[in-house]
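What follows is a set of structures for review.
After this come two complexes, each holding chain A, first together with chain B and then together with chain C.
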Partner chain A sequence: MAIIRLSYASLNVTDLGKAEQHYAKVVGLRTTGKTEGRVYMQAPDSQDHHCLILNESASAGLCHFGLKVSAPEDLQEAADKAAAAGLKVEWLKAGDILGQGESVMITLPSTHRINLFHHSEDIGYETGMRDPDPILKNVDGVNPVSHLDHALMVCSNPAETIRFLRDELDFNLSECGTAPDGTLFLGFLSAGNTMHQLAVAPGPDGGLHHIAFYVYDRADLIRRVDLLKHRGVPTLEYGLTRHGVAGVTTTYFFDPSGNRNEFQCGAYETSGASGRVRPINWKPEDLGQATFYYEGSVPEQFYTVVS
Partner chain B sequence: MKHWRISLTGGEGETVAFDCPEGVSIHAAARTAGFRLRVACGSGGCGICAAELVNGQVDYVSPISAAKIEGCPARAVFLCRATPTEDCCIKTDWQWAVVDKAPLSRRMAINQQGK
Partner chain C sequence: MAIKHKGITRIGFVRLGLKDPGLREAKKFYTETLGMLPTASAPGQLQLRCWHEPYQFSLVIDESDAHRLAEIGFQVRDDADLEGFAARLAQGDIQVARHEAGDIPGLGRSISFAIPGGQRVRLFAELAQLGYETGFETPDWVTPKRVRGTPAPQFLNHVGICVPHPKETIAFLKEYLGFYASEVIEDDQGDPVSALLFRMTKNVGGQELAVFPGAAGKLHHIAFTKDDASDILLDGQYLRNDGVTLDSFGPTRHPYGNTFSLHFFDPFGVRLELCSGGRMAEPHPEFKPVIWSESNLGTALSYHDELDTAPFLAASI
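Coming up: the complex of A and B.
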């Protein structure tokens, strides 16, 4: 079983036009396709068709995550494993999602859905595939984000979902939180070369905590915080800070439907090979430092606010 | 522009009142009046700003998430995007914060008084 990356997030938005505007201007994605009620977008440094799907909806929140597998046969294997675990499995035809081949949609114990696919239309890097100029045209105040990096979902029983991702879909657990009785309540999982692509934390089932975009360096991130404030984009209490988990430099803000976004840089690299690298472990009483390293405490709203 | 009167009773039982122009969110009007409400996403998506509309009517300046408001008690309103269409009495089970506009000038005034 080889999932190779978190490929895209499909989000529900309550105002499609404003959402597209936000992800284009504030985040720096390009629009790569449109169908009725849907906009597809991609970051400059990815060749696949999209890293974000925006769905016009009455509610905000997650529609599903897209995960890319390395071989077409992996889809059937994942479907079998999910069915054996008693999870709902649904096949989507090629083209059901623009620019994407057939896929298998699995509903996790947390009720979030993940859509595994192999083929994506190749649209190339934003700078082009031939003799590219590394500097993007139309840079709007900031350097562009690099790619969709990871997402954090919340659910009532994180352990079940973490175990399925780790034991059946072969994600590697790079960092986790364990209660005194040994229960996993927090997990950071990766199928690629960075320390997390999907993370699972406690909260209401199906909740989306945030999706994160990778920014090249800290100077860029500081500039981005300035611009978020300048443009009046809603942010959390903390401006620029750092997580103990992964040690990343980070800032949070919200899209116009209330889905939380993160800009982050500096996550360490590690192997996504399942079970080959031991996880870091956090105790519940150290979550303040794990979450906000500078402040050493977590504002109540940080974990309770989800879309 | 029409202005409506908002009377807000918070988690500690205290009531404050302020004007809110029609078409402006109650959150923004409260902010202008010096009260910081419990708002996070400010975009109708998380429900943290939910309050009870005891009296009056509101509209929304932009959409709020249906799934979130459906999970709330009847008469719940999301203050980050609600705007009054008549005078309103609103109750919250959380407490707002007073916006400290100019801590330095306040400190200077206190020092002056001490002389």
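Coming up: the complex of A and C.
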């Protein structure tokens, strides 16, 4: 079978308490577990144990991404493919990550690590699984996010990592950027019918550009930007904006350690089969429109600030 | 290749027969009022797609002597999948028809069969692509000018069907076609009377098929995707302005699936839906459906309204 989605991001943070407070109060996640130096959190509309692991660390950035597979034997097959591609492979036992079964950690050419697993402890939707009232009990003036939707990682040679994800792990490339010489420098990849779960862009190897949470309504997104400002959360200078890529409404902000977060809203369905539909292409000179559709240009920090 | 998405990868199309000589009224409604794009129409057949879809059609309407749901089409990964389904269905003594490419203009070779409940399902691997309406190079992902001022939905989202024995139909769709249930309404005995079934991993929402109790072979509704609730409120204005009849609830939160939805009728009595949102669902063997009690049906269908559910539960064509 196959990888079905980006399941969680494991992030390094410099102050665990402040980070947990941010993801609980600003994003709307629930804490589902704690171990020494780690906090596990989950969004309301996900049944698994976590969509975010916070690791107490000396600097911010990505520890690894968790990808869920639909069949247990996928783990060995992915390990074989990674080994054949000359990538580092490491097995983790059930319970090495709280609430999670056996997994296989692959180091991508970009040096980011992806952890493939099949089983997660089931904690259910936050609304409950039986006759659920759609409104959560502890709503703080804003509707909850739905789930962790996607992440953007940066590296020195995006094409290499895009090719591995597409050709070996059956991700579909929905939109991409190509340089005049034909080099892929930007890729939006999904293992499902979404526009992207993992995106790859140029930057320092192993860098994290952002993780994104899905929001149901644009009206809610406007309210969220209001609340980011009200609470003094550091944001991108554009506030509420829209991507030309994917055509989704969006806003960017930072957690207290400097990891960039996004709230995103918008429907975009893809074929669910890698390579069936030709990817949308963006040229380097169109990156203003691609990145911020209303403003038509990209603030410097959006390129330079990664964690 | 082992790490590979297989089986049904998406809902492809729904095909209706409408008693509409020349399909003039259907074409007017689905293009001018709903805001779909006509593509490769031929005598006696109208093909339409949503503006965000790269394929030739997601709705096929044939001129017919009566209004009817003709079939629902699902795209599979490849020809090997198609043969795999044909073999499994044959083992289950399900009669499978084979169709050459072009049986519906634009469609590749395909198989079709009746599911318990009477509806016909078509499986195919290839469907012609016209490309994105907004282009493949530096697109403006913006509703095309010619359909602005209409709902102009982005995608075909799901199809609701009525069946006399929901438990049997739901079990068949899971066992033979690999569907997962995202939400189930159970009666006092714990038997399903309705379910939302999915194969796709969308941002949110787990339904390509919605199964309701009712007369065999009937259509309950056809749903299309919209970005969010704000859009749907505006769309309700466009529809009313064009004289369209809305279903009893009007725009509402639909806790069953947790969508924001508006149901309405085409001139032939076909119930249509614009929907946004939905709970995040994963096509995974350990994924669990939300369970609703039949006694809680009113709240499950509309969180905002306190109305009789009978009109909504009636089949359309």
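Observations on the model:
Here is the rule we go by: the second predicted complex is superposed on the first by the 304 of 307 C-alpha atoms of A that agree within 3 Å, B and C clash if a C-alpha of one lies under 4 Å from a C-alpha of the other, contacts with A are read in each partner's own complex, and residues count from 1 in each chain.
The rule is simple: a contact is a pair of C-beta atoms (placed from the backbone, for glycine too) under 8 Å apart; a residue touches a chain by one contact, two chains touch by 3 or more.
Source: prediction; values computed, not measured.
By the touch criterion defined above, A:T161 reaches neither chain B nor chain C. Of the two partner chains placed by superposition, only chain C is touched by A:Q47; chain B is not. Touch criterion not met for A:S103: it reaches neither chain B nor chain C.
When the shared chain is aligned, chain B comes close enough to touch A:D15, but chain C does not. Shared-chain residue A:S174: touches no atom of chain B or chain C. Ranking chain B and chain C by residues of chain A touched puts C first.
Contacts of A:W282 after superposition on the shared chain: chain C is touched, whereas chain B is not.
Contacts of A:G61 after superposition: chain B is touched, whereas chain C is not reached.
Touch criterion met: A:A273 reaches chain C, while chain B stays clear of it. Remark: chain A residues 14-15, 18, 58-61, 234, 236, 254-260, 301, 304-307 touch chain B in the complex.
Here chain A touches chain C in the complex through residues 1-5, 43, 45-47, 68-71, 73-74, 77-78, 81, 119-120, 122, 124-125, 129-134, 146-147, 149, 168-170, 190-194, 214, 216-219, 244, 246-247, 249, 265-269, 271-274, 277-283, 286, 289-290, 293, going by the rule given at the top.
The part of chain C that touches chain A in the complex is made up of residues 1-6, 9-10, 52, 54, 75, 77, 129, 131-132, 136-142, 154-155, 200-204, 225-230, 253, 255, 258, 260, 276-277, 279-280, 282-293, 296, 299-300, 303.
By the touch criterion given at the top, residues 38-46, 48, 62-68 of chain B touch chain A in their complex.
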